[in-house]
Amino acid sequence: MTETAVQTFRIAPKQNGDTEARRLAPHRIVLALIGLGLVAASIFFLRWDWLPNYYGLIAQGLWRTIWILAVTCVLGFLLAVPLGLAQAAGPAIVAVPARAFCTIIRGTPLLLQLWLLYYGLGSLFPQYPWIRESELWPYLRQAWPYAVLALTLSYAGYEGEVMRGAFAGVPKGQLEAARAFGMRRFTILRRIWLPQAIHRALPTLAGEAVLQLKATPLVATITVIDLYAVASRVRQDMFITYEPLLLLAAFYLVITGVIVFLFRRLERLIPSKLG
Amino acid sequence: ETIKVGIAAEPYPPFASPDASGKWNGWEVEIAMAICEQAKLDCVITPVAWDGIIPALTTKKIDIITASMSITDERKKTIDFSDKYYNTPTVILGSKDVKMDATPEGMKGKVLGVQVSTIHQVYAKKHFADTAAEIKEYQTQDEANQDLAAGRIDATQADSLALETFAATDAGKCCEIKGTVADDIEVLGPGVGVGMRKGEDQLREKINAAIKDIRANGKYDEISKKYFTFDIYGG
Amino acid sequence: MATAVSADPLHPVTSEQAEAIHVRDLHKCFGELEVLKGVSLTARDGDVVALIGGSGSGKSTFLRCINFLENPTSGVIRINGEDVRMISDGHGGQYPADRRQIERIRSRLGMVFQNFNLWQHMTLIQNVIEVPIHVLGVKRDEAIAIGEQLLERVGLSEKRDVYPAYLSGGQQQRGAIARALAIQPRVMLFDEPTSALDPELVGEVLKVIADLAKEGRTMLLVTHEMKFAREVASHVMYLHNGVVEEEGRPETVFGSPKSERLKQFIRSVS
Amino acid sequence: MFELLSPVPPGWGGNLLRGLANSLQIAFGAFGLGLLIGTLGAYGKLYGGPVIRDILAIYTTIVRAVPELVLILLLYYAGTDLINRVLEAMGYAPVNISGLVAGIVVLGFVQGAYGTEVLRGAIKAIPQGEIEAARAYGMSPGVMMRRIILPAMLPHALPGLANLWLIATKDTALLAVVGFSELTLETRQAAGATKAYFLFYMAAGVLYLLVTLSSNAIIGRVEIWARRGMPSIREA
Amino acid sequence: MATAVSADPLHPVTSEQAEAIHVRDLHKCFGELEVLKGVSLTARDGDVVALIGGSGSGKSTFLRCINFLENPTSGVIRINGEDVRMISDGHGGQYPADRRQIERIRSRLGMVFQNFNLWQHMTLIQNVIEVPIHVLGVKRDEAIAIGEQLLERVGLSEKRDVYPAYLSGGQQQRGAIARALAIQPRVMLFDEPTSALDPELVGEVLKVIADLAKEGRTMLLVTHEMKFAREVASHVMYLHNGVVEEEGRPETVFGSPKSERLKQFIRSVS
């Protein structure tokens, strides 16, 4: 085919609407200055003398918050994919239980789920001597396994719903093309369906990850001391209101910034054309 | 001028709890009203969620707080306190199956639960941290009690009142009071006081006087007898 | 090349060529609407069957039934001599009994869709190598080499790493053709593969199709290019309202049409 | 034990139901406000100029990151304090901002940030040609939004929005801080006063579940309607 | 009908017909890739301009620039005598200064997209009446009456209440044509409006287009139907790699092509 012969231009079409490298546009300078001003004001006008006493606790809480968030998001998402798929395209045997699971998880407060697991289920175990004597007891006795379990299930429940919509939203033709070439069902899922579903769900998924960050403080109610619990502790100890919360907000902001940044990167892996 | 008396919206019986019709009662509520009456202040009880109670005070949405706040030096940097109006001894409650007493050696190898940001937590950290296997922090004492019953912790430290009440319940049958901890005024502080904004010295004087007066005229004991069998004012 | 298509499937033509597609009395309903009303077809290796007919006459549906993207309401389909077993769904329809069998059959059928259906999350070259690598198990390097060759052949070498959304209509169509060719299928189903192309490219693509037929591959081709149907097809089938109005060798069909409908259809071309 | 749940005092059932009604009221307000902000935000993020996009990016990042408790404390306590001090300095009488309004505004603001992202994803999922067609026929942004973008994105947005709605019904706990008694606070009060923690938390769980089930029924209907014209992706 | 197209916009043809589309030196880049390299065109009321050229030569992009679906990188566009003011974006591009003006202009331009772009959440009739009701302010009853007439005209009456996803390719294309006709625009932009149609329907559609031209409407039409370009167009423009290689009256362009490229292109048709 002879036609496209003379094209001297390198193919690097601007495939994305927002690739402006205008980091230093005037309005950004203004915004940055406002931000700096706020930070400076809170440093000078608020009370930070307590900070050195809590370094250790803050570091520990921060670490707990981060790992719980990361672990539960990853595990929860792995559960959410089958949950979403079962609802979107599965036969009734799997669709109905998946739907019931998502409804119950989304329908009841996380605090309640956490308590049911920890104080309900968890307090059954010690009644059986063989559990107390087993290898597992040191873990079952701890609180964090229950925290991780509850948060994972919660994330899976919400994300299962999101993934259901995302799976159902992939254009039929895209799947038909895959079927027409004889792809196995699992291959279709892995190569075509899941990537496209995830890609369109990414903005929502990022939001749900941030929601999960804000759900982690509940683990404090079962003695897992996260960053939020440290901030509460400072407030109780000192009766100061805003300073520990602002510090907490600053940490959350950084974590959220990282989450948003990572998801943005993922989103931009595949350029999408905007109408 | 009315004085808005802030209490925590989360119930804390027998000190303060609402009934289903929304009326608050309990020892602390009655004491607060008695103080007001004595000081000739026109008071209204205003429940505020614990999280908002300090900002509510500083922005004048409430004027004084009677919510079982222990007086500590740290807290005094932020708000003012009246003299103490009660002080309960600190005890340790432990499982009947486990031998222990309320000393550092007696706690050796035990898992101890305390409520976060209480004088008990500070005390346990200071005196038991070296010997106890672990000190677990709970958001409320109720949770610590439940875990004690479930066997996840061996003992809990709190004021005698809360623990005796719990030990008397069905769930508390597992456990018994193991003893009173040695006093440490630096940590345990002088007791519970009325909180108020900094610099309102006139009001504080009035309230201090009123506390003294109701102790003197028998009102305090009259109210206390309805709730407790022992001397809640403490030594 | 011997044309080995029998209009009457009950009386098959004997031939040394193997039977590639055999469809008998295919019916397809969408709800109340009967789109195919008993279509039969037998195509042997190396046959080029041109499916012509008006818009909405059921051509695409017929193609889609052959690789089971639509479940036929009734009828028999045999691909490469393999009978596809169907199970009744109890509501007047049926579906394939053995999913694996369908997958196996499909992996030997190439398809170019009327609306291309390139995978939007993959660049052009990724689209082309996807099936060879993940269905046929070809090595990656090898698949890329073949893929690049095919893109070259359809004149899309410079668009190798571009996502489909940024291609012109004709470029997408050529991409879809390259994707179908990459699996080197024994049977090819083309749904109007030249609709978005200019006359020059139409000629090229049709030449490619003719070449493939010479290699012994079977082509089933929906087309509005009467010239092509006349010159390259070994068999022409005129579909009207879900019924085969007329079929046969192109000379016959175009030369001496019998039905009034076809006469009118052919008149409009010239 | 169940007499504790009786709807008239001394039973606490009535309190729980009142709390539920309050929660729903706040949730409606916040979710509605959030939808409005979210729609505008998503549109601005996709089609706005660089300044609008940057401001919206800051909005969605900060408001989602900062715990609601911090926001409500800042707005309700620090904010009203500041306003009143300014008013006082200028010689006006101080105003009293209602806790309910503050709560709804804060929650709506937060919901708006999440909604922005949910809707942005949904709009991106619309086949871009459909939006181009609307443009090509001279639709103004308003008409295009109302007639094409909103209905076309709805099936993609519904699951995310449903999650947000359910979160809104539960997130009202924060309103306790401003002295508003919604379901969570009522439950805590009932449980704390009677020590029947398990009973009351289960009761609240059941109430929430009922809300979810009825929401599901409605959302399911809406989704079927929204997906009109979209063939099912189930294999034929 | 006087052909009033000037290849040299600086030296406009004087004519009683008003100038409908005027484009001068249009450039369009996608990133590094320059797709249009200075294209000019003037079409007057009643003109039928056929845009021909190879796949990827920039035909669709040109059409899309005219109603500002793509912002031209540089160049002048004047529609119905109205100059469209552009603002530089400071990065080598430009965008329209006045959104309202663009909307007003667009509402007078009908467009049929290469890939139809019917609104999926609306039935066929809803697609057709959408713009008349919600942009042009036509009464609902009236719009429906006109819409049904148009669907009749393109042979889709029975598909009135069907959603686009359930239509065949040709049916979707005819729906898109009906949608564009419903707004009775002074200027029509057609991007390969017959690509998915059978020869019979192609004839019908092209007749509709010729009729519209007789009413004095202006047509700009990307097409691969050389026969049509030759018979109906008043002006033919051959685009190659973003440059107008040759243009003029169809007799001239097809009869005595000058450039080598065009000669080759025409040879492939016959």
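Worth pointing out:
Order as written gives the chain letters A, B, C, D and E; numbering starts at 1 within each chain.
Just so it is clear, a residue touches a chain if its C-beta (ideal position, glycine included) is under 8 Å from a C-beta of that chain, and two chains touch if they have at least 3 such contacts.
Because the structure is predicted, anything quoted here is derived from the model rather than measured.
Separation of chain A from chain C in touch steps, taking the shortest path, is 1. Most remote from chain E, judged by the distance between CA-atom centroids, is B. Among the chain pairings, A-D comes first (most C-beta pairs in contact). Centroid distances built from C-alpha atoms place B farthest away from chain C. Averaging C-alpha coordinates per chain places the centre of chain D 45 Å away from that of chain E. For this pair, chain C with chain D, the centres built from the Cα atoms lie 51 Å apart.
Measuring from the averaged C-alpha position of chain B to that of chain D gives a distance of 37 Å.
In whole angstrom, the spacing between the mean C-alpha positions of chain B and chain C is 82. Chain contacts: chain C has residues 69, 115, 155, 165-166, 174, 198, 200-201 touching two or more partner chains.
Touching two or more other chains at once are residues 69, 73, 77-78, 127-130, 132, 135, 231 of chain D. Shown for chain B are the residues that touch two or more other chains, namely 55, 58. Interface residues of chain D facing chain A in the complex, by the touch rule stated above, are 46, 50-51, 53-55, 58, 60-62, 64-70, 73-74, 77-78, 114, 117-118, 120-121, 124-132, 135, 155-160, 162-163, 166-167, 170, 184, 201-202, 204-205, 208-209, 211-213, 216, 227, 231-235. Of all the residues in chain C, the ones that touch chain A in their complex are 67, 69, 99, 103-111, 113, 115, 117-121, 130-131, 134-135, 153-163, 165-166, 174, 183, 198, 200-201, 204. On the side of chain D, the complex with chain E involves touching residues 127, 129-130, 132-141, 143, 147-148, 151-152, 226, 228-231.
Those residues of chain B whose C-beta lies close enough to touch chain A in the complex are 54-55, 58, 72, 74-75, 77-79, 113, 116-118, 136-140, 143, 146-147, 149-152, 195.
Residue ranges on chain E touching chain C, taken from their complex, read 30, 52-56, 60-61, 114-115, 166-171, 174, 192, 195-203, 224, 226, 264-265, 268-269.
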